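Submitted below is the structure of interest, expressed as structure tokens.
Each chain carries a letter (A, B, C, D and E) given by its place in the written order, and its residues are counted from 1.
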Amino acid sequence: MTNIQPVTGPAVEDPTELLAAADGEQGGKPRSAWRLMLPTMTPWLALGLVLVGGIVLYGTVARFFVGDPDAIRDIGMTGPSRELLLGTTQTGQDVFAQLAHATWGSLQIGFLVGVLATVLSAFFGIYGAYLGGFADEAFSLLSNVFLVIPGLPLVIVISGFVPRESRGLWTIAVVLALTSWAASARVLRAQTLSVRNRDYVAAARIAGERPWRVIAVEILPNLLPVLASQFVFAVIAAVLGEAGLSFLGLGASNSSTLGTMLFYAQNGFALPLGAWWWFLPPGLIIALLGMGLALINFSIDEIINPKLKNVRLHRRRARLLAKAEKRAAAA
Amino acid sequence: ACGGSGEEGGASGDAATTLVAYTGQAGDWQLNFNPYSPSSIAGRGTIFEPLFFINKAQESEPKPLLGTEYSWNADGTELSVTLREGVTWSDGEPFTADDVVFTFDMFTEHPALNGFGWNGTVTAVDDTHVVFAWDTPAYTAGPDVISQVYIVPEHIWSGIDPETDVLEKPVGTGAYTIGDFKGQAFTLLANDSYWGGAPAVKTIRFPALSGNQAGADAIAAGTIDWQTGPIPDIQNTNKNFPRYDTGTAAQNQMVLATCSNAALGCTGPQTDPAVRRALFYAIDRTQLNALAFQDTAAEISPSFALTATQEKWISDAVEPKTAPEKADPAEAGSILEAAGYAKGADGIYAKDGQKLSLTIEVVTGWTDYITALQTITEQAKKAGIELQAAQSSWNEWTDKRMKGDFQLAIDSLWQGPAPDPYYLYSYFYLGGDQTSPVGTKPAGNNYGRYSNPEVDAAIQALKALPLEDEAGRQPLFDTIQTAITADMPYIPILTGGTTSIWNVEKFTGWPTDDNQYAFPAVWSAFDAAEIYKTLKPAGS
Amino acid sequence: MNFILRKLGFYAVACWAAITLNFAIPRMLPGDPVDILLAKLSQRGGTVTAETRKAYAALLGGDTDDPLLTQYWTYLTNLLKGDLGVSISYFPAKVTDVISASMPWTVVLVGIATLIAAVIGVLLGAVAGWRPGSWLDSLVPATTLLAAVPYFWLSLVLVYVLSRMMGLFPSQGGYDVVLTPGWNADFISSAAYYGFLPALTIVLASLGGWILGMRNMMGSTLSEDYILTARAKGLPSRWILRNYAARNAVLPSVAGFAISLGFVVSGSVVTEQVFSYPGIGSRLLGAVTNNDYALMQGVFLYITLAVLGANLVVDLLYGLIDPRTRARA
Amino acid sequence: MTSVDVTNLVKDYGIRDGLRRRDLRAVDRVSFSLLPRRTVALVGESGSGKSTIAKLLTRLEKPTSGRIDVRLGDGTPVVGSLYRRHVQMVFQDPFASLNPFHSVEHHVARPLRIHGRTRGAAATHERVLEMLRRVNLTPAEHMAARRPHELSGGQRQRVAIARALAPGAQVLVADEPVSMLDVSIRLGVLNLLARLQREDDLAVLYITHDLATARHFSDEILVLYRGRVVERGPADAVILDPHHDYTKLLAQAAPDPERVGGVIASSPVDRSGIDNSVCFDHHTGQWEHIDDVAARAGVPDRHATEKRIAS
Amino acid sequence: MSTTTTVTPQQRRTAREPVLSVRDVTVVYETERPVTAVEGASFELGRGEILGLAGESGCGKTTLAYAVNRLHLPPARIASGSVTFHDRSGENVDVLALQDEALRRFRWSKLSMVFQGAMNALNPVRTIGAQLDDTLRAHTSGTDRHTRRERCADVLVRVGVDPLRLRSYPHELSGGMRQRVMIAMAMLLEPQIMIMDEPTTALDVVVQRDILREIVRLRDELDFAVVFITHDLPLLLEISDRIAVMKGGRIVELDAARTLYTAARHPYTRKLLGSFPSLSGDRGAFIRTGAVDEPEELP
């Protein structure tokens, strides 16, 4: 498990400010609020999208085109060739085919945990903060406690107690989600608190809106970028966490993920034998998927924290200026 | 890999005479040198000694250790042993027949320590002679008595509780004594007053690493001299690790153990002998050996007599003599069809709407078995049998086996104290005490829950015959082998090669294929003790 | 003062929660750990009496007839007496002994690695954030790759390259076993040498988070009014970077220590396993594979308490470096 | 024709003081009445409790004690959900009081819908446009589709006013409605409010710290100091003839182009002598102690009195 | 561009000896669509004079102030114009030409600034004393700690803050005190010009008064020139000698305070003046009639 999440929680900013600023800056036809929620395209974001898109595509589609990932061949541990793009495992299984299926498995668990953890954190973060008072204090204490309890050891202990038969995909997903919602809940709470105290929420209450409507219609849209960002973190954490668990042999039984692939690679002495084609790709896919997601998050962060965006715009302007000066000098 | 930094790390003057042996121990050592404690740690065979050493790896006479000679009386109820003179314990006290008597009496007093079924009496005739006596003929118990029991000093053990004492400073007659102990490693030091002369290897160090993979890494780094366990790319050891060589001994017969006996409560398709036999034919052993065992495994006889040392005992009635090299899906199919199975649309056989699908239990971390199962699963699929491997911890796995809560388990059957098939049969096929109905008390060795009165009778009869009595024993073996090849409660896979890698640049005298003077496994205490004594530092 | 009291209060609650979680987990989950444990215990030569059974049942739950509250009470009193039971994988050692033997290794490894990662990360992040648009700054997003690499995978690759291929570092263990652990130069240098790769893994894998956090915060801080004031005051840039920008930007990184430490500890568990490091992480995994439930729980409790302790220290230190917290209380 | 009677309003905020909690009295026994077509101004420095009174009136917060009685012209009390229809609010910050996610139409249509003032989409739309035209947001069709960030501050504030009036509000609480606006458009918004007040017979509570507009836009002024009313009376009387030290201080501090270069030179005022337990009432022309005022306004607030004695 | 928006050279000039001359300064924000925030601004600042700079939000007041102090970072660019500082010694400094070290030395010692939102202009994690001390150390070499401390205590006393506060952190001070500390800091090096960008907008009216009084008093005492930026025209009328009114990046009117109040020439100035009802004077005909045209601002 890795801390991809910058240790700084995003600063709580007023999206209105940002919207106004964006508007002024654009100068042209005003864009819709939804459009403004979308991150601005940057090379890093493009890279992130390409990475994630590519891996998701590979994970979802490739498994229909590759052969049987379990089929064994007499050519164990052979390097990449034209027929077998990524060579074979110790038992002559097609690594490329296995990778396709494993990627799908990892994506599944990542998505599942992402959704579960986001729902949990939204409940504890948003609902608690909206209710305020005792519920808020209790929820916030709970998430702070969960935050300081180290996740993976807890997951390991839980997995250790659950017999293998009951260690299905869902169990692992639930366990991972249970141990990874806290940080998000804290961020969401901070954001909700800031949004909750905005005047338009008070105005909606004065107008007589029901609480759930206030949360869903007035507050939630403003939290979308944060939710998206937390979801992305949860996915990364889940993919990494599951890989760790599976690598230790504590993953979901009968599942095929990048972690189990690495487990088998380790089991088959892939690295000592120099079978890089077996060992490197699963790890790389995890890392690249994580990187891609983190890069996307990077851009979402800019929405949440406009100061970051300023930094980037600043940078671009500096370049523009340099160009302009060069032109002026040339003229 | 370049074996760079070697053992410079050791840096002490006796590095050249220090043997670093890795037993596969994962996690720190926990001090316990009580050879009778279940959690006793490595090296005990070198501190305490039995009366004789019996080599299982090749046919040979028992080698005298604390005993020098032994003989049976005519009806096989009395075994007389002559003890070696002039042996002293490492604390200087003399070794006498009383120590032997004390040791065996201890088993009578503490049934918990009686792991091999000692049920006789022992008397000291004089200081150098003891006599073991039984009520009934006990030829087959002989090897256990003379080669499997560490003789312990009465003057110390009479004052301790042998069941719980961990023996911080063990006193034995063996070639080594305890050096220093740390959780990360402990050492044994040559016993200069050893009766056979001080061994040339002065120090043996046993490090604790995290497992086989770590051991392989340590070999690559040149920090250990002897490891028994899977070695990556073993065929190219000389190239990969120029200073090392490997040795292989085939002893453990790998099987798919089944919970075979529906009468004892087993459930699942594997209770049908046809399914077990079909699996037997479904395995492509050549491929399996290549993919999972780097071709280190050897052929196996369905009779479970080791082909290397026990071939003469294989019954003519057993056909084939050795398990087929190649898969025979056709044969497997016809066996299944004869038993009423029909192939379904998915290519898997089914009977009464029940798919022929089985779960195999394997222990997490048993790398070669896990790979083997991957391979077997695919091979079985071709023969229309669906297998699913399930990994669990050793405890859970053992628990399931003992309770009968499993369908198939990959495991290996072990040998007795002497190279003779009797022992294996008596461990794994004997009904009665050795097994128990599913869901009651844990089974003994016979966790396949095989039960056949004919086989039971034959095994009992074998006890009354000397091991050398070929004419008398063969018919009994014929009976047993015919039954077990037909029923196949343990489906033979291959005979597992126990591979070791050792540093030939630093030490000479390792067992070779021509001279397997001991079973070369660092964790096999008696054998390892012989090897330690035989090794010589290369420089000397 | 109040600030400290409040922090202590929170950590007391967190501590209680961890202990209670430890009590609850085995009771909430399926499976019968007590039986497996006792079977293994007797296999290992331990004597299983009714009391042993009861003690383990208190620790792990199981088929006791006692009401939950009584069990909880027994559990708490056992804990207070420092009795976490006997480890079966290290029989007959007590769980507390096994843990106290391995705890220092992890504390030192994780402590030093975290410190190094934090210092390097914060410095790099500060420099990158100070000059937005510099080549260093534009490379920062690439550190997400490092951060997304699974710890165990990274450590295996490092072992392969630096240890096996180049033979630079030992790949296993915590020190040269020839030496006797103690406060002597030989041992310490050996421990440092052996600890290098595990530490490198942790540093590499956690560095990205620090850099990113610091760099982003620098971005925000630079647009603060007091930075502008500092420039207008004509302070030399280096002063501004050090005393005004970095000093403020580092605060959230320190405040977010809890999250990062949790991640690092999680990562180090797997890393230790790969390196056979004699720390508490490999004990935990060993305990899990051996169904050594008592040890498992003990290790989890210790890890959690250690993380809580570290966070408490950091939180209190935070009070020192951010004067506002002291007053806010 | 709705009127509001506020009697001995008290609000305590529990604030964290380390591990303890202690009460902070933000509003202390404030009484006043809002009548149709009349504006009451609440002036005072920052933190004097002005916004708290607004929140209490709009039921965003519960009063610790005291009463707020809203009655229709015929004297029937307004309770339950009807209250929300009658009492509405305009906030200080036009940037924060509109949700950036929703169109202008949404902001105005929601109150209409909630309070059942219109049925059906078409009718609601018509009604929204009508409201927008009333607050001079034209062309209304065009404005309805916009989102807040496409509007200037003044326009936003007018949307906020339209929203407040949409449910048919009779009582309008305006919490510093123009202090965040550019100087040049402040008067425009205030004038709009004044016009709507006349047209709809609104009762208005105008909260501000700007004495000049308070004077010109209200009929009655209450000066608030540390949660208590220290001076009350007709607008001109309070501003032009301040009695309480604090009111004097405020009046002195307010910039006034009439006295160029004047007040700056005068010496700073000492605040230590300011006593907020007495209040000057221009209607009676008398100084009164807060306890007497409270006692007269209603049953003496036992809670508040005990607090005072204890402290 | 129309003639009415032009300020005559006479207006720009001050009766006193000039300390700063700003000529035709134009500042452009080089964004995707470049914004010219200040266009051709020119004025002269007399020694010891208080020059008010008024105008609605976004008209470029802050931008102009930053230009004078060279504080702009990209994307802002001073496209043209000159800023000349006339030192007491008689030396003329071309501010826009100053390079690194010279610029650093120029800042604060000759021209200091109190920022808009000065509440946040103090570093929250360092003591007031340390921040004052920084400023001294950066500009005077060789003074010992004790002397510097004395000096810091001294300026605090001048603005009416207890010197004990040197050891306080900014959050321990009230907004008004922080503002005073900023003013103290601005005076620390006895600069000849102080630019104050809305130094009191965020404050309470009463506190605001106290601070203004302080500024005027200190100006009288130390004789520095002040550029006072605010959109509160009545306030400017009270304290400034001359007032410049900005609109859309241009200075549309610049005149003595009294002249401006009684005889504003530019319609915008008149409109601004009309936006402030008089506290003590008449209500004015348009108040509360709702009849006045509501200016239709464009987004």
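Here is the rule we go by: a residue touches a chain if its C-beta (ideal position, glycine included) is under 8 Å from a C-beta of that chain, and two chains touch if they have at least 3 such contacts.
Remember, predicted model here, so these are calculated numbers, not experimental data.
J.: Please find the path from subunit D to subunit E through touching chains that uses the fewest steps, and give that number.
T.: Counted as steps through touching chains, the separation is 1.
J.: Between B-C and A-D, which chain pair shares more contacting C-beta pairs?
T.: B-C
J.: Hey, how far is the Cα centre of subunit C from the one of subunit E, in Å?
T.: 52
J.: Which whole number of Å gives the spacing of the CA centres of subunit A and subunit C?
T.: 22
J.: Just how far, in Å, is the C-alpha centre of subunit B from the one of subunit A?
T.: Measuring from centre to centre gives 50 Å for this pair.
J.: Determine the centre-to-centre distance between subunit B and subunit D, using the mean Cα coordinates as centres, and give it in whole Å.
T.: That pair's centroid distance is 91 Å.
J.: What positions in subunit E touch 2 or more of the other chains?
T.: Residue numbers touching two or more other chains: none in subunit E.
J.: Indicate the residues of subunit D shared as contacts by at least two other chains.
T.: If we look for residues of subunit D contacting two or more partner chains, we find 150.
J.: What residues in subunit A touch two or more of the other chains?
T.: Answer for subunit A, listing residues that touch two or more other chains: 163, 249, 266, 272, 314, 318.
J.: Enumerate the contact residues on subunit D facing subunit E in the complex.
T.: 45-46, 136, 150-152, 154-155, 182-189, 191-192, 194-195, 198, 209, 211-213, 215-217, 239-240, 249-266, 268-269, 271
J.: Can you tell me which positions in subunit E touch subunit C when the two form their complex?
T.: Answer in residue numbers: 69, 71, 103-109, 112-113, 115, 117-118, 120-126, 130, 134-135, 138-139, 169, 171-172, 182, 185.
J.: Would you pull the subunit A residues touching subunit D in the complex into a rising list?
T.: Touching subunit D: residues 14-17, 19-20, 22-23, 30, 32-34, 198-200, 202-209, 217-218, 221-222 of subunit A.
J.: Per the contact definition, I'd like the list of subunit B residues that touch subunit A in the complex.
T.: Touching subunit A from subunit B are residues 213, 216-217, 220, 230, 232-233, 287, 290-292, 364-365, 367, 370-371, 374-375, 377-379, 388, 390-392, 396.
J.: Spell out the part of subunit C that touches subunit A in their complex, as residue ranges.
T.: Residues 10, 13-14, 17-18, 21, 25-26, 29-31, 33, 129, 132-133, 137-138, 141, 144-145, 147-154, 156-157, 159-160, 164, 205-206, 208-210, 212-213, 216-217, 219-220, 222-223, 252-253, 255-267, 269-270, 273, 284-285, 287-289, 291, 293, 296-297, 299-300, 303-304, 307-308, 311.
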